[in-house]
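The same chain A turns up in both complexes below, where it pairs with chain B and then with chain C.
Moving on, here comes the complex of A and B:
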């Protein structure tokens, strides 16, 4: 009840009495949303005794930097410098995001606002593609990569990631909400399809674009499969693969658990940085973009 | 604002019909194809063709030798028969997935609508709250959830302070356990609801305040304006979210079926052929879940309007 009541009281000057309720509910729930981060950070600083303690503890009691020292030692010993893997990851992830955004927004624009033969078929096909488990196509993908001749190149990291039906799906849903009148009006003013796409459509669906970018980043940044299946050359492999091998190579379970904890934190830091940078744009209300 | 939208609505409708239609249509169909062609190419190479190969392999016994290369032996429906009638691991896991998803998805959708409505309020620290609720989008992974589970991060019962204060309020032990386990489940489901929240929030922000104002002047109670205005406005997006959530749950790393498929790829007696048949059957199960949920929400949305 009270939820809606305050919807109707516009621009409350002070904190309204009803709103304490919202704050309480949101606060409690958001505490639980914070749990994963608290856990990752805590986990990385745990000494061995706490990593293997029974019953397991959630919070760290005696934080150490030991795990970090281990990680640095191990990476100093390996043949290829860690910076190489970082570069590989950054390079491929950036390209994947840019190309995915371009391809899927172009396709989504066509599917949503242009009329051409076979449009409905494509629409259905994309929604169906969404529902087939990626594993269903993962098995023969290796053969295709080999036949295309991009085995053991950067392209093998990038190209398979570009076919992401979920990106087109989300973008199309947002573009469907942009009124046709707006598109027609700008066409009346002499804008061609490309111009409408670039100057009208893309700015309007910015929140969706950023969302897709974040989803793509996550998929690409954490992807260690392409390194292990499509790569032979060690110097072309990416950071998540490197982290996995470090943990596996460390030889004993104790060091491995510590390394895994730090690796989790290291892989997670770019995620949170990117998110904080982009969060403004994700939550930019669509109301301000003139779609209303 | 109002005059602008009026202009946009009236002008094109008057001018449009006669002159531009024909030439525009044929031109548009070509640009349409042009716009979508990069996707078509990628789709054919990395989706349609692999899918065809998977179907092909599921009817074969696949083996790989260093000298002989890939060899396929036609076995007909044998792979499917083994999965459905001889070996039980997939059937049991698929049943669990089916029931679980059918129960979880409506809860996730309801939770995310409620949270989206809450986040759309004028509250203090709105930005921080929004940030927190979108966080799972970027950090949720199967590995992390397993890790947290083993270290007791997801259970309230591990936290003695909360448990004891609950016992203070509620005397019965069973009731306390019921409450805590329900709460744990809800928290888990909340982590899956980040993208649905995002989608609902975007559509909530498009509802103009004038509608609520008009409704309240006509004497509508807040309760009824939630059911009559807010819900119908966000309802069209429910089926979108249903598809997204089911696909997400099905592909999530902790899902046991995915590991069954990956393992049977390397299992000597099963190999790629069996794994392909598994993944096709799994996709069909997923399609069935989506079909049930989609049509049960879809028909209501048309009735509501």
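Moving on, here comes the complex of A and C:
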């Protein structure tokens, strides 16, 4: 048996010289993946002279906060302060996350542990909807938003983000792992579906909730479509839209490249920080993502 | 009086029963799902048979939009369809295999260092669309101050600066390259988790049964044991590729991009829908796209689905 064990190189505890090949490949690839991110970080801190230096430099030599200051001042010139876009983004993103978690976990609980007519079909349809490409139906969605009368309101940022098949899917798969006995036991004690959902289920599926929250955050934080398609009022538009227009305009202004790099960082950093902090929980719930 | 009490209690009981019904749990999502996924698809299909300019009411035109699309729209036929398929066929499978290969290697290094690699490899997938403009436009800039041009000229590989983003032949490979760079997202994480959760005894048994090398191990043990995650990864890969729109325009700095290089079906739909306000025609384009997405998913279900 020990001979066999030594052949299995899978999920090892320690570094071993067998792994050198993997480390070499992974290291080179990681460095390569990281390169553009290192570049944008450096670019964001470059003073004007370095941004336009010839020969071009990759790393910043004299780091400065000039580009960050420029971003704040620049917004003042466009009439609406940057803080307004930040508020819009934070406000809508928070609501989207909370509502998505609530709606998705409720539905996932029903689809996983309750029995009702049409459950099987609904599960199938939802799994099929994983392949749904929202961008493809931008036009009908625009018509629906207009007819609902929520065009040009915060709701137009929020509502279209709430149907998230992947969220239901992840939560349902995770809930399937919770033993039925546990739920039966609580029901014996007189708990109704709501109490089981709230007191038993939700605490047990925290990793999956975290993952759905992260995915929702990414989708909502980076969503510029709702601002460009469902909004006319500039003061209701969100940060990614504003950053996009900044970047588009930045071609015309001298320090544009640095400004754009800062904008890129503002959109990217929250995403990756959240993932780093919560990656354990994410990996936990990812184990149950399989489609059968 | 007594009757009233009983009635109240009965009402209370039936209220609780109603509140506790499974349909109460599923209803909010089912409503949103119908409103935001089912209805848009239905509206797209419906509108695709009409002429609709958003001002006047839609006018039924039968299959006219589809006939125009497949017989007269040279941009759609020569660029949008072929670009989308070319891009999807390259980015989808290559990104997918790369994700599996990376996950497979990651599953064989210790936990702590694996976490670091995983975060780095995953990070490009959350950079967002602004990154495309900022990083790649600067790196691939067409004059001699562009980073890539400068380095290549310094190493004497090219003599003249290349117009990376303005020439159609170079623009599409660059788009594919960028897409691959950013494609290690949720699907990749799922595959990694799937790999890590394979029961170790499966491998032990296989080695006792006479599996001789790592290739056999991958094909006889690893992939069959994580088929569900493989399918999830494939579905994610497909959505990722069909979600791409406007990249070519962003990179080349104008819509449409030079000679419609990298012009996707989604770009075509948005162009007709939101620039020309020909919603009926744009919907027909959308329907074709949805059909292609379904087709691709069918193929991956065939490959990785567990047949009942």
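In this section, the second predicted complex is superposed on the first by the 207 of 292 C-alpha atoms of A that agree within 3 Å, B and C clash if a C-alpha of one lies under 4 Å from a C-alpha of the other, contacts with A are read in each partner's own complex, and residues count from 1 in each chain.
Here is the rule we use: contacts are C-beta pairs under 8 Å (C-beta built on N, C-alpha and C of every residue); 3 or more make two chains touch, one makes a residue touch a chain.
None of these values were measured; they are calculated from a predicted model.
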First, second, both or neither for A:191, with chain B first and chain C second: neither
Partner chain in contact with A:174 - chain B first, chain C second, else both or neither: first
First, second, both or neither for A:229, with chain B first and chain C second: second
First (chain B), second (chain C), both or neither touched by A:25: both
Contacts of A:243 with chain B and chain C, given as first, second, both or neither: second
First (chain B), second (chain C), both or neither touched by A:150: neither
First (chain B), second (chain C), both or neither touched by A:182: first
Partner chain in contact with A:263 - chain B first, chain C second, else both or neither: second
Shared chain A surface residues [contacts with chain B and with chain C]: 1, 4-5, 7-8, 10-12, 15, 19, 22-23, 25-26, 29-30, 33-34, 36-37, 39-40, 43, 55-56, 58, 102-104, 106-107, 109-111, 114-116, 119, 122, 126, 129-133, 135-141, 143-144, 159-160, 162-163, 165-166, 168, 193, 197, 215, 218, 222, 264, 268, 271-272, 275-276, 279, 282-283, 286-287, 290-292
Sites on chain C touched by chain A in the complex: 16, 19-23, 25-26, 28-30, 32-33, 35-37, 39-41, 43-44, 47, 102, 105-111, 113, 115, 117-124, 126-131, 133-136, 138-139, 144-147, 150, 154, 181, 184, 186, 189-190, 192-198, 200, 203-204, 207-208, 226-229, 231-232, 235-236, 238-239, 242-243, 245, 253, 266, 269-270, 273-274, 279, 282-283, 286, 289-290, 293-294, 297, 305-306
Touching residues (chain side chain A, partner chain C) in the complex: 1, 4-5, 7-15, 19, 22-23, 25-26, 29-30, 33-34, 36-37, 39-40, 43, 52, 54-56, 58, 102-104, 106-107, 109-111, 114-116, 119, 122, 126, 128-133, 135-144, 159-160, 162-163, 165-166, 168, 192-194, 197, 215, 218, 222, 224, 229, 240, 243-244, 247, 251, 257, 260-261, 263-264, 267-268, 271-272, 275-276, 279, 282-284, 286-287, 289-292
Residues of chain A defined as touching chain B within the complex: 1-8, 10-12, 15, 19, 22-23, 25-26, 29-30, 32-37, 39-40, 43, 55-58, 102-104, 106-107, 109-111, 114-117, 119, 122, 125-127, 129-141, 143-144, 148, 159-160, 162-163, 165-166, 168-170, 173-174, 177, 179, 181-182, 184-185, 188, 193, 197, 207-208, 211, 214-215, 218, 222, 264, 268, 271-272, 274-276, 279, 282-283, 285-287, 290-292
List of chain B residues in touch with chain A within their complex: 1, 4-5, 7-9, 11-12, 15-16, 25, 28-33, 35-36, 38-40, 42-43, 45-47, 49-51, 53-54, 57, 70, 115, 117-119, 121-125, 127, 129-141, 143-144, 147-148, 150-154, 158-159, 187, 190-191, 195, 198-199, 201-203, 205-206, 208-209, 212-213, 216, 222-223, 225-226, 230, 237, 240, 243-244, 247, 250-251, 258, 261-262, 265, 272, 275-276, 279-280, 282-283, 286-287, 290
